[in-house]
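Naming follows writing order (A, B, C and D), and every chain is counted from residue 1.
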Amino acid sequence: MIMLKVESVTKRFGGLVALRNVSMSVNKNEIFGIIGPNGSGKTTLFNVISGVLRPDEGKVIFEDKDITHMRPSDRVKLGIARTFQTIRVFPYMPVYWNVMVTASSVYSDSRIAKARVSWALIITGLLGEAGELAGKLTPYKLKMLEFARCLVANPKLIMLDEPFAGLSPEEIERLISIILKLRENGLTFIIIEHKLKYLMRIADRIMALSLGEKVAEGKPDEVARHPKVIEAYIGVT
Amino acid sequence: MEFTLIKFIFIFGVLHSFIYLSFALGFSLVFGVAKIPYLSYAGLYTLSAYLMHLLLTKAGIPTIISAISSIGAIGGLSIVIGDYIVKPSMKNPLSIFISTMTVSYIVEEVFRIKMGLTPVALPALRGVITIAGVPVAQQWIAVLIIGAVSSFLVLIYLSKTATGKSIRAVAESWYESMIIGINPYKVFRVTMLIAGLLAGVASISLSPLKAVVPSMGWSPLFVSFAIVILGGMGSIKGTVVASFIYGFVEQFVTWKYGGAFASIVPLALIVLVLIFRPTGLFGEKE
Amino acid sequence: MSQNVLIGVFVVILVIVGAVAYYAGKGATTTVTTTITQEKTVTATQTQFVTVTGTPGPTTSPSPTTTPSPTTITQTVVVTTPVEFKGEVKVGALLPLNLPIGQLMLGAIQMAADEINAKGGVLGYKVIVVPYDTQWQADKAAEGYKYLAQQGVKVVLGVFGSHEALAIMDLLALYQVPVIASGAVSDQLDQMVLKNYDLYKYWFRAYVSATMQAAATWDILAYISKTFNYTRYGWIYEDLPWVIPHAAYGQVRSQQEGMILAAAVGVKTDITSFADAFQKVLSNGSQIIVWQFSGTEDYVFARDYYDMQVPLIALGGGSYAMLDQFYNQTGGKAEGLICISWGFPAPFTPKTMEFYNKFKQTFKTEPIFTTWYAYDSLYIWANAVESAGTFDVEKVIPILEKTVYVGAAGVYEFTQSHSAKLAPDRIYPVFFQWQSGQRVVIWPLNVVAPGTKLLVPKLEGGKRVWVEVPWPPK
Amino acid sequence: MFRQKTVADKVRENLLGIIVLLILALLPMRANDFLLDTLVRTYIFVILAVTLDFFSGTTGYLNLGHSFIFGLSAYLTGILYVYLKIPTEIAILGAGLLGTFGSLALLLPSLRVRGVYFAILSLLYPIIFIGIVTTQPFSLYLGGEGGLRIKQLFLDIARKLPPTERLAFLHNAYYYLSFILMVASFIVLYKLAYNEFGFKLRSIGQDEELSEAAGVNTTNMKIKGFLLSAVFASYAGALYAGMRPPITVDFVNTGSILLPTLTAMIVGGAGTIIGPAIAAFLLTLLYQYLWGLVGLWRTVAYMIILLAFVLIRPQGIFFDIYLRIRRLVDKVIG
């Protein structure tokens, strides 16, 4: 069944068109990859889906509910969690509270929230740093922190913006294993990634954007072979 | 009657606009460039007036020289304040409110204790000239000219010279300017100097219009705040436009509804403007 | 590191406080007497403060202000004139010492205290002035009154602001320390005394109420208007609450005098131009101008009065227009202005010039208006106590009510509402006109010097010329 | 991390605070009236500092209109008493509530205006308020020259008492009222500031967009946080108006109300609640007693000291000192 539907979304910044009439649909429990060169509108699409930006035209539908004009925070409560391309945390707050802020706004019962937080911290291996200021963490831990923040929101859909960027192969493997495990437990992922060889491995379907337009969608290998994609990606893969 | 009304509003609108421009501009530079509320401005404003008075009476230096020297002194002092009071407290933007404010209070109190018993008056041009049937004191004209010239010079400086351009670059974005190789602190000091000089000029040209009292610095400060916010931080153009809007609105209200409301209405106006344009008239959007 | 920082902080604080205190103490010797009393307080209180902190017994008052600051100064006086005192009696001075007027009034009170002590004090007790700084705030004034009462002062002087007075009114009956205010012109106070005598009988005002101030201004306004058949007057006033009584009184009196308020223009304290005010007044056909300010508007007013060549008599009052240096400060533009002055250097009473000269050579400035009354207020109380033969409030008050005291500012006699009586032979303001740098008294008529001329402006070809009219007119 | 705390733990943790509060609570037995008076004002400023810090220190929305809230409810008290003939005791209760809602006028811009713009915008509110209050015709109804005169709190009761007890009664009543309000506001806001609520506010202060994307309804939180800070501030205003009539513009005055508060917040360490509380307490007393030390030079000395504080520790010094002392105490009691 379809979980998220984006219907012919257009987003303009002044003169320049960041997204032109993009449509996509993500099925439940699949890993959906988005590729494309820089400035192709991937992140803009994320912002539209997560509600940071409002589209000029088109709709965003999540589980048959139109959420185009919903606050980001309400979307989180619906189960859409995301990370940012450049790592963003609350630097002057302890790791625990970075995660707890989200948990406590999703769960009204603080005991459940706390339990959920400790669960997320264990999965991401941050339990040790729970008390430290987030600003002091290493890049990998920071990514994990962002990831944990997604997890505590009891998400149905997790959107990762370049999760593998700046990580060593081992760290990437660790992250992938976590993602796959979570996917087994029924979560859905949308992943923006430049490191195609990893994305190809885990993604079920991939959409390619170029200059704000959808150029291809389908199975990873099909998309990889698609001429437009290669043209757009000259020298990238 | 209506015609005289318009005539008066126009003439005094222009006069006041230039007054406001002359002290809002310097403030706008600091506020826009370093993004710091430079509350010492009030202190500098008061200090330069008293300094000139002391030079005149105690040292008996001729008017022009004492005026210039006090302006220069204030400019230097402004740099010192920037280096030893503003910069150390930059770690926490909130602290700048306090550290710069203390300077103003210290100046005010010292003069209140030492020579606050009665106001002092600076020498003014006594003559009167008539513009379109409206008598205007020559001091007003002096203020107009000085304000216009100093503002003009500053604007030229900002738009033509390299340092001036860099100031505006910093005003746009502190970090990017650092990337393209401008040293923000050098720019910052230049800005402080200009701000100090402008404060001195404004004070010394304006004080003869009224009496010199220790607390004279605050209302220019507040007006500058209002104008800079109305025009939009870091936008020199905004400041110029805003000070004219402020001047004319204030004069209009004064003539139409009396001076009592003249100090309220422009501020209320600014509240409205900000609610509809959260970054002022010419301020850049986040 | 931060350890050192924190230690550093406290060292810095101590150094700074010490330095400031030391400097203040040193500066005192060179500066004028009030400051001496002030700064001597410093040295005195420091020790006091130390002892207090040293033995933190809450029973001993924690406030370093406790030290009766002026002891030092009075002692110095005592040294010169050996007088045997039975003991000490404290009087409070509740003043906004952050304002010039407050400092001047404190100086005047201190001056009176020194003189009294030099003559042997009150009932043989040495008078000690305990100042308290209200910072021009009502709440601090209330605290100050309680504090002074606690210090055992027998009377509280000063009380300049109406809001300060209203803040302490309800405390009077609780503490039963009388107040002889100089200032605090609000008519509410008089009402209260009349309405509820038992609660508020401790309140006296050695000055007049706002209505009486207005009345005095109206007397001369009416007289001049009658003389020159003016019927329309323009009112330029500082739009702050204190003028409200004047407006109210003006409405009533103008009907009695058959005059019409042609234009009323309110201005703010930080005004830069009176062009609009004069324009309105003139365009509404006013024949005479009344002006009332409390700030520094005087200077701007005088300037524009000349620049606009306003061809109307302008009478009224400000804070500084009555001072001797005003004429020169405005570069002679004050010519022709008629100003009210609630104390004036002219031999009205034997004490007037004596006080004026002494005050001026001490403070290098003239006594501003309520300064005169602050000086007298201590004498009024001292005399009442002397004739009562006791400090007991209940005995002193009846005597105060009957008192007729000849002071520096005039002759004091308290009305039903415990306010000084306004009359040419009691307390009455002087109106003078600036004539080529001289202050020529023109009102009240009984003190006008023979051969006085009144300058009346007249328009001749756009220029204003002054026509000399013999005064008082036949 | 989730171990339930025993009562003993709690006592040990808060030993310092408990001791201090006990001392303050027992003070009236020994202290003289003047000290009590000073402390009453001090407590009011502690409340103001804590409330300002709770909203501005955490969310970074610098509310320079705090004195507007304070003065608004003070004036409302006066209006209720003078024009609706409501006795002071009840007027205070009403005015606190009305003032809280009135303060929303100040908040609503904050939903769009950010950063320094909000600071200046909020600063305009008290200035405009003063302008209106002192200008005819409004000044006719809002107190005229002496300010709005209301009957002091509990004055009637005091007058019924025998003369010997009156003063003691009034002083203790005022002292404990302000003391209780201070303690209540401090405890409530302190607790909130260090649980989910407070950290949500902090998250807004550190990255508003992220905080929204992380599931915090920022608008909602800002309103809640502001109202919480406003309710205590306006009750402080109403209470102080009841204790120190008449009501004048001093209640709104930026110089006399906002300045000490803001200073306390910054020197105390913004967002820490307890730092500003300590700072407000000490600085108010310092200013009071500097008079005895340096007389007329008090303001100068005070400002120099502030400058020293800020230059040495821009992040606020009193919180660090507090932590230090607290660690010491913890060591002592093991």
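Criterion: a contact is a pair of C-beta atoms (placed from the backbone, for glycine too) under 8 Å apart; a residue touches a chain by one contact, two chains touch by 3 or more.
In this text, all values refer to a predicted model and were calculated from it rather than measured experimentally.
Chemist: What's the farthest chain from subunit A if centres are computed as the mean of the Cα atoms?
Modeler: Most remote chain from subunit A, centroid-wise, comes out as C.
Chemist: Check C-D against B-D and say which one is joined by more contacting C-beta pairs.
Modeler: Taking the two pairs in turn, the one with more contacts turns out to be C-D.
Chemist: Round to the nearest whole Å and give the separation of the Cα centres of subunit A and subunit C.
Modeler: Using C-alpha averages as centres, the distance is 74 Å.
Chemist: Rounded to the nearest whole Å, what is the centre-to-centre distance of subunit C and subunit D, using the mean of the C-alpha atoms as each centre?
Modeler: 35
Chemist: From the C-alpha centre of subunit B to that of subunit D, how far is it in Å?
Modeler: That gives a centre separation of 33 Å.
Chemist: Taking each chain's centre as the mean of its CA atoms, how far is subunit A from subunit D in angstrom?
Modeler: So the centre of subunit A lies 44 Å away from the centre of subunit D.
Chemist: Residues of subunit B touching 2+ other chains?
Modeler: Residues 260, 263 of subunit B each touch two or more of the other chains.
Chemist: Which subunit A residues touch at least two other chains?
Modeler: none
Chemist: Which positions in subunit C touch two or more other chains at once?
Modeler: 98, 103, 239, 266
Chemist: Can you work out from the touch definition every pair of chains that touches here?
Modeler: Touch list across chains, by label: A-D, B-C, B-D, C-D.
Chemist: With touch defined as at the start, can you tell me which subunit D residues reach subunit A in the complex?
Modeler: 1-2, 196, 199-200, 202-203, 206-207, 209-218
Chemist: Quick one: which bits of subunit C touch subunit D in the complex? Just the residue numbers, please.
Modeler: Contacts found on subunit C: 2-3, 5-6, 8-9, 12-13, 16-17, 20-21, 23-24, 35, 38-39, 41-42, 45-46, 48-49, 57-59, 61-67, 69, 97-98, 103, 133, 135, 137-139, 142-143, 146-147, 150, 162-163, 165-167, 170, 173-175, 185-186, 188-189, 210, 239-242, 244-245, 247, 266.
Chemist: Could you pull out which subunit B residues touch subunit C in their complex?
Modeler: By the definition above, subunit B touches subunit C via 1, 4, 8, 12, 15-16, 19, 112, 116-121, 124, 126, 128, 134-137, 206, 209-211, 213, 219, 254-255, 258-260, 262-263.
Chemist: Which of the residues in subunit A come into contact with subunit D in the complex?
Modeler: 50-52, 71-74, 76-77, 82, 84, 88-93, 96-97, 100-102, 104-106, 110, 113-114, 118, 130, 149, 153
Chemist: Would you pull the subunit C residues touching subunit B in the complex into a rising list?
Modeler: 98, 100, 103-104, 239, 265-268, 270-273, 275-277, 279, 283, 296, 298-300, 303-304, 306-309, 320, 323, 325, 329-333, 363, 365, 368
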